[in-house]
Amino acid sequence: MIELGILLAPLAALIINGIFGRLYIKNKAHYIAIAGVLVSLGISLLTFFKVMNGYRVDTVVYEWVLADNIVIPFGILIDPLTAIMLVVVTFVSSMVHIYSIGYMHHDKGYWRFFTYLSIFTLSMLVLVMGNNFLMLFVGWELVGLSSYLLIGFWFHKKSAADANKKAFVVNRVGDFGFYIGILLVIVTFKGLNYSDAFNHEAIVAIKNNSFNLFGIDFSLIDLMTFGLFCGAIGKSAQFPLHVWLPDAMEGPTPVSALIHAATMVTAGVYMVARCNPLFSQAHITSEIVVYIGAATALLGATIGLTQFDFKRVLAYSTVSQLGYMIMATGTGAYIAGIFHLFTHAFFKALLFLCSGSVMHAMQDNLDIRVMGGLRKKMPITAYTFLIGCIAIAGIPPLAGFWSKDEILAMAFATDHKLAWFIGTVVAFMTAFYMFRLWWMVFTGEPRDHHLYDHAHESPWQMTMPLVLLAILSVLVGMLFGYPLEDGYIHKFLGPVLTPEGAHPHHMEHSTATLLMLLSIIVAVAGIALSYLYYVKSKELPEKTIKTFRPLHKLFYNKWYFDEIYDALIVQPIVTNSRFLWKGFDANFIDFIVNAFGKVSNFFGGILKYLQTGRIQTYIFTMVVGVIILVAIFYVG
Amino acid sequence: MENILSILIFFPVVAAVFILIFSKSGKFAMWSAFIASVIEFILTIPLMTNFDKGTAGMQFVERYYWIRSFNIDYYLGVDGISILMVFLTTLLSAIAILGSFTYIQKREKEFYVSMLVLEAAMVGVFCALDFFLFYIFWEAMLIPMYLIIGVWGGQRRIYAAVKFFLYTLAGSVFMMLAIIALYFKYGSMTGEYTFDILKISAMGAQFPVEFQIIVFLAFFFGFAIKVPMFPFHTWLPDAHVEAPTAGSVILAGVLLKMGTYGFLRFCLPITPIASIKFVPLIAILSVIAIIYGGLVAMVQEDVKKLVAYSSVSHMGFVTLGIYAFNQSGIEGGILQMFNHGIITGALFLLIGLIYERTHTRLIADYGGIAAKVPVYSTVFLIFTMASVALPSMGGFIGEFLVLVGAFKSFPTYAAVASLGVIVSAVYMLWMYQRVFFQTVNPNLHHLEDMNVREVFYMFPLLIIVFWTGLYPETFTSYMHESVKQLVEQINAVSIAMK
Amino acid sequence: MIENLVSIMPELMMTIFGLILIVIDIIAGKNSKAGVGYFGIFFIIVAILASVPVGGFKIFGFGNTLVWDMYSFAFFCVFAIAYIMSTLGSVDYLREKGILKGEYYTIMFFSIVGMMFMVSATDLAVLYAGMETMAISMYILAGFEKNNLKSNEAGLKYFIIGAFSSAIFLFGLSYIYGYTGSTRYVDIAQMIQTNGLSNFNIKLGMVMMLAGLAFKISAVPFHMWAPDVYNGAPTPATGFMTVAPKAAAMGAIVRYVWIALEPAAGQWQLFFSILAVLTMTYGNLVALAQNNVKRMLAYSAISHAGYMLIGVVAVNEFGYRAIAFYTFVYAFMNIGAFTILSLMKNKGIIEDERLESFAGLGKKYPITSLAMLVFMFSLAGIPPLAGFMGKFYIFTAAIKSGVIWLAIVGVINSVIACYYYMRVTIFMYFKESEYDVEVNMKPASFIASLLAVVFVLLIGIFPSFFMDIVKYMIV
Amino acid sequence: MTLQHYLALSAIIFSIGMTGVLVRRNLIVMFMSVELMLNAVNINLAAFSKYLNALGGQVFIVFVMAVAAAEAAVGLALIITLFKNKPTVNADELNTMNG
Amino acid sequence: YILAFLAIISSIFMITRENPVHSAFWMLLTFFSVAGIFVQLNAEFIAAIQVLVYAGAILVLYLFVVMLLNPKSKGFIKIPFRYVIGIVASFVVLIQVLITLKSANVIGKPGVYTQEVYNQYGNVKIFGYELFSNYLVPFEVVSVMLLIAMIGAIVLAKKD
């Protein structure tokens, strides 16, 4: 049960900081938080190595919810997938913790920040360690909460306040589908434990069932998986719900690194991978997954090409990388997907943290057009960033290459040629815009001397994580990914991520190497081109923009997604609700309700005047009454 | 111990009389009322602990002759469904009284007296096992509530009070006719004239269908207004907005539950066939309530009104769950009742205590106060998230169970209902953003944070919210048996109908 | 012979006591006229105690022209309560208005004799005589405030219209008599039984008689006098007039239709159901439009008559018990309300009974306004107050006999009614006072209102005993 | 003359009386008309009692008369008291209370 | 017939005279004719008290009051409309009554007091017998009523 410690450590930190932080601990909060996260890091590493030797846990801590005799436990599952996620999460998290000491030290919400970080770590760990869908969902929502809190950390900025709301709501849209998916799972498998849902017989049994929703018959398994995948779309910022991620950059940079690059956003990938037994049987959904992934990758890359905001570029690159992963899971290359997740976690965190340290140097200025030549001022940051760039561009032997190449290979092998093609193009673009950053920010001449003069290298708490991450982004790829197609990662994740009944695709070696070479070439080409654009001839970009004006406009404005959503969804709903309230609720329903009172009052007012106060009238009324009654009695 | 329920019902009355006679100063009334309500709450604890979760039957039963000529008995008892409601009532009453220490500035004495009387009546409603007794409590509750809204309320308080009173009354008078009709029907069928709820429920299935339908409609009208279900909800915003904090807390926390409780206790067992026939109607109405309430809440300018509409939406979940006719649905419904009581009650308390400081409830008048009142905003955030049904908090479990149950019975409605997940997030967070985030509104610069008393009375609610979220079994375990019995009863009928 | 005596004993006793009262009145000093009232109370209590029909027997007397049974007794109790309460209420009022006359009490007392005869009559002649006795004393009471124009007017209106109605009543009576050849209820019943149902003349007579009786209970459309008279008459007297004669007429109607017209049940059921609906609805609707509480209560009195009529329409013993019980309850709450009303003294420009004079009363006189609150909600029929029990009983009867539509009309009306009763409480508790109002609570009226409150609560919460009283009624 | 004729006669007188009440404004005359109606009733009763060979009717007439007398006394007393406060016997001026 | 005619005519006149005094006198005439009708219906005693009570007491009372108050009579109402509807209404009543009359079948069984009995004992005697045997109670009640009326009349009329 030692794994429970992984959860308890951050929880403890959270509670202590949460209660005493404001009044007593104040700016010593990081000790507690870091202690917490380091403990869980330690335990997770331990677990990781145990798991290497085939150690598994699937245990119930306590019975949580009981619905219709279906026990939904609070249970822990440790298997390779969990283990690898644990390592990623705890490691990146601890890096970010340490980094934040330096980055946040002058913020008055210091303790608050670390509390939130602990919340995040905790909920992310719950997400990955849970042994059933409900716990997955709990973690899912809680990371949503913590991202909400952290994005809105500087809530006095309207942009931040908007961004965090947007993030939460957009995620909720995805969760709606996720919710339905879970409901389908529980009604189908009479349980939410992975063990119930993922046993092959059961799945095959219901494979061809159909399910009637909204009066339409869907194929049960496809509906189920699609529902779940909606969750992934939201959480992993896939098209069409990717809009929240770039805005999420309003949060402090460490947060962007931790949540919106390394861990949280990859939860979707984790989930799909986790549900591979289901997805592998749901062919329609898988296709959808592939192409959504591809589309996202393209989208992210294209926008990334044109942005000038340091963090936004990184954000869009994240989007496109996530697209890769999703695409991979869609093609059935779950291992590749997770592997890319794994590597991406390191180098993307690295990149973000670098950007953070750059911001730190440039007085929180993010426009890359005012930077330049920072290499001399802040060497560590610069070179670690370079490593990151190479890694993400996919130059062997750095991490990115291995995972990305596997994904493309799989896409090719499962003849999703279109997806493969897009992937390759995106790879090219990625190399291009990442190096664009590198050239513009760190090399060449400083554009804004005032800023440049005040720029300086960050303190050790910030650089140390950079270095560590850089090292890892160099190594992990080789360690786990070599040789291609059956690196250690395959041995490690194989047991969990090769769904039964999914026949492995293998292609002859020549094509494999061919593809490999191709992708390397593409990457190099990208780098070369960006060198050409941003170092050699500075006027080229302008030219290109002029030539492709409309295209550039489209990319630059992020394909107008925000505008479209605002016009098509947000505004109509708000206005209609206004109508519902003012027009319908107040003026129709309530009107009817009050009408009763008004009507009776009205009649009272009328009848009142029968009472003239004249005797004759009264007597006359009586007489008439008698007459009428008598008449009635003659009739009846 | 054997007549703990009577004590629970009459202790507040006694306390009220005591205050009415002996209290000279408002302070005295205030404190004695608070102490009384706390004692009341403490009295419920043995009730909870000595409750035998193993049986579906009524417990702590008391029965004395009351009106011989009609065979009306003074007949009390609680089962797994009502005991939670009793607990909720006593808890919220105590907290509401503590919560209105500074809010109520005029005629404290009368206020606390009516609070206590109200509490007694509410406990009575949940304990009564005799139709007549039930109806007495049900109606008796109106008078103190009417006074609370009318005397201590806001600007349009008179309108709100009268509307509340007449609307609910209009609903319940038909219920009375239905009750009388049942009395005679049962009598003519068995030869034994009685208002005994249990006996009549036991006969439920045998009543002829059209009779059931009539009775059901009468009940439905009464309860739907109380819940309130979609077309009958318009009294709620007015009442909530105008009522003083304590009033809103009780209103949202307990009164609304009476409607759903009525559905559970009467409509299902007594008119099962009609209930089954009317499932589509109620499911649709509930779904409409969920979505509609949410959408309307979204565009409110008044925080209290927003929360009021949100309770329309949440109560929609309850009715949806109840009419799913399966264990998880109904249990979820009850749990949702409980949680909604806690959460919305807490939200109203929070709104109330900020209103004391700023004397405005308009969202536009706030903004950025998170910087000024960190504790307050944290607590508020927690309850906001709870009401958005964030997992690990109370709201979620109830909602989840409801949806599971509903999804089994009518997936489409359930699917639409789960859109509420999005909507609720939208309106709550939007409100939270506009109130707490962004730049500080200049005229709120000296806004002091929650004081000890306020923290103190929020604390139990906080604990319960997480408790129900993390270990709901504590509460659900009470209801399992009773609900199971109920479900079996219904299923038997529905099978017989096929 | 002895049974004749027994059967008439209570009335006899009352008459004798009444005569004694006159004597007392003569010897009583100018300022101690209240004593007459107190003696009256004493006497009436004695009379009640003396005339309890043990074990619900019934005795016919004088060739069955009248009967004494539990039923008569129940109504006797109602009258007695009405008398006691309104006497207590009157004492101060009269002193306030400077009317120092003992006759007031005497006449009230004698009117009760008339009512008792009405209720226990089983012969049209007795019924008529009793009715006129009551009527005349009511005219006098209505017009008792000689210096107040309103009071005169009330008296005169009541008188003229009353005389007219009794003429109609008589005309009908003459037909009934003529075509059935008897004035005894039983014989009439027998005659109608044989072949009277188809006889138009008897129908005509029936309608006209019932119209005459309906006038006494102020049922629409024979109600027109009621608001003005109740408005004009001295307030405590109004309290008495809204309760006792109504009760008496109800009792008489019930006994009459139940015995004499029993065979023609279907027809008068129709008759009364029409009246009931009209009465309830009209009374409530117009009451909504009133700003004078006294007048408002007058209209509410009309509507309550409507509720009672539901009990008549339900041709079952439930109905009659319901009526008896209802009048019983009604006596307490209505007279209580009027007592408090009679204490209102508005120093402002508007008259005392205006709704505005109640504004902010809750703060100034918490006890009084609490009592008023109780009466109002009881009249509105909100549990756990007595009024609810009455309504409940009535509706039970209605549903029992299957006239559910009437019950539904009834409950809808009671919701409407609730509004105008609430208006009083709204003014008392929710509004700030505009005028300088004072409520001078003297011991007598205090006792009266206290009694009323206590009983309203008591009947509301432990109705069993009172229900049992009416349960043993044999009609 | 048969019974019908008497009844018809009384009916006519009755309705005449009614007309009187309805159209006259003078309280006294109105009251007289009421007396007239009572007379009509008396005729009925008498006729019936003749026709039935019973005396009930006649006895009743006595009561009616007594009542009439009593009413007359009270009514006129009321009229006088009114007259003291407001010198009129005009029915239409008795309308201080209405609505 | 003559009497009936007379009664009707005079009563019509009574209600149509402007001056209450005149109508009082016409009323007197009506009373007399009614009394005559009573005699025809062999109710001599009734006829007697009719004359005494009405013509004697009540009418005198009227005249007395009329004289006392001497109200400036305003004659008829100015609004002919009410005039019309008044007549119409009472006319309708008349019609209704007459309609009933044509189906006059008395179902009451005839009593014992036939013509012979009258001739044997005389009206007053049996009348008294009837009154004090069957109608004792109402008689008493009426006495009470008269008492009340007396008191009331005194209270109201007495000036203080």
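Per-chain residue numbering starts at 1, and chain names A, B, C, D and E are given in the order in which the chains are listed.
One rule holds for everything that comes next: a contact is a pair of C-beta atoms (placed from the backbone, for glycine too) under 8 Å apart; a residue touches a chain by one contact, two chains touch by 3 or more.
All values reported here derive from a predicted model rather than from experimental measurement.
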>> What are the mutual neighbours of subunit B and subunit D in this structure?
In response: A, C
> Out of curiosity, which chains are bumping into both subunit B and subunit E?
Replying inline: A, C
> Does C-E or A-E have the larger number of C-beta pairs in contact?
Replying inline: C-E
> Quick one: which chain's Cα centre is the longest way from subunit D's?
Replying inline: A
> Whose C-alpha centre lies nearest the centre of all protein C-alpha atoms?
Replying inline: B
> Where the centre means the average of the CA atoms, what chain is farthest from subunit E?
Replying inline: A
> Approximately how many whole Å separate the CA-defined centres of subunit C and subunit D?
Replying inline: 26
>> I'd like to verify one number: the distance from the centre of subunit A to the centre of subunit B, where each centre is the average of its C-alpha atoms, in whole angstrom.
In response: 37
> Distance-wise, how many Å sit between the C-alpha centres of subunit B and subunit C, to the nearest whole number?
Replying inline: 42
> Roughly how far is subunit D from subunit E, going centre to centre by Cα mean, in whole Å?
Replying inline: 6
>> If I count partner chains per residue in subunit C, which residues reach a count of at least 2?
In response: 125, 128-129, 132, 136, 139-140, 143, 146, 155, 157, 160, 164, 175, 178, 181-182, 200, 203-204, 227-228, 289, 419
>> For subunit B, give me the residues that contact two or more of the other chains.
In response: 166
> If you look at subunit D, which of its residues touch at least two other chains?
Replying inline: 7, 14, 17-18, 21-23, 25, 30, 47-48, 51-52, 54, 56, 59-60, 63, 67, 70-71, 74, 78-79, 81, 84, 91-92, 94, 96-99
>> Per the touch rule above, enumerate the chain pairs that touch, sorted by label.
In response: A-B, A-C, A-D, A-E, B-C, C-D, C-E, D-E
> Where on subunit A does subunit C make contact in their complex?
Replying inline: 597, 600-601, 603-605, 607-608, 610-611, 613, 615, 617-619, 621-622, 624-626, 629-630, 632-634, 636
> Residues of subunit A touching subunit B in their complex?
Replying inline: 22, 62-70, 74, 134, 137-138, 140-142, 145, 148, 152, 155-158, 160-162, 164-165, 168-169, 172-173, 175-176, 179-180, 183-184, 186-187, 211-215, 573-574, 576-578, 580-581, 585-586, 589-590, 593-594, 597
>> Can you tell me which positions in subunit C touch subunit B when the two form their complex?
In response: 362-363, 366, 377, 382-384, 388, 392, 395-396, 399-400, 404, 407-408, 411-412, 414-415, 418-419, 422, 425-426, 429-430, 462-464, 467-468, 471
>> Which residues of subunit E touch subunit D once you look at their complex with the stated criterion?
In response: 1, 4, 7-8, 11-12, 14-15, 20, 23-24, 27, 30-31, 34, 37-38, 40-43, 45-46, 49-50, 53-54, 57-58, 61-62, 65-66, 68-69, 71, 73-74, 76-77, 82-83, 85-87, 89-91, 93-94, 97-98, 101-102, 104, 106, 108, 110-115, 126-127, 130-131, 134-135, 138-139, 142, 145-146, 148-150, 152-154, 156-157, 159
> For subunit E, which residues are in contact with subunit A within the complex?
Replying inline: 82, 85-86, 89-90, 92-93, 96, 99
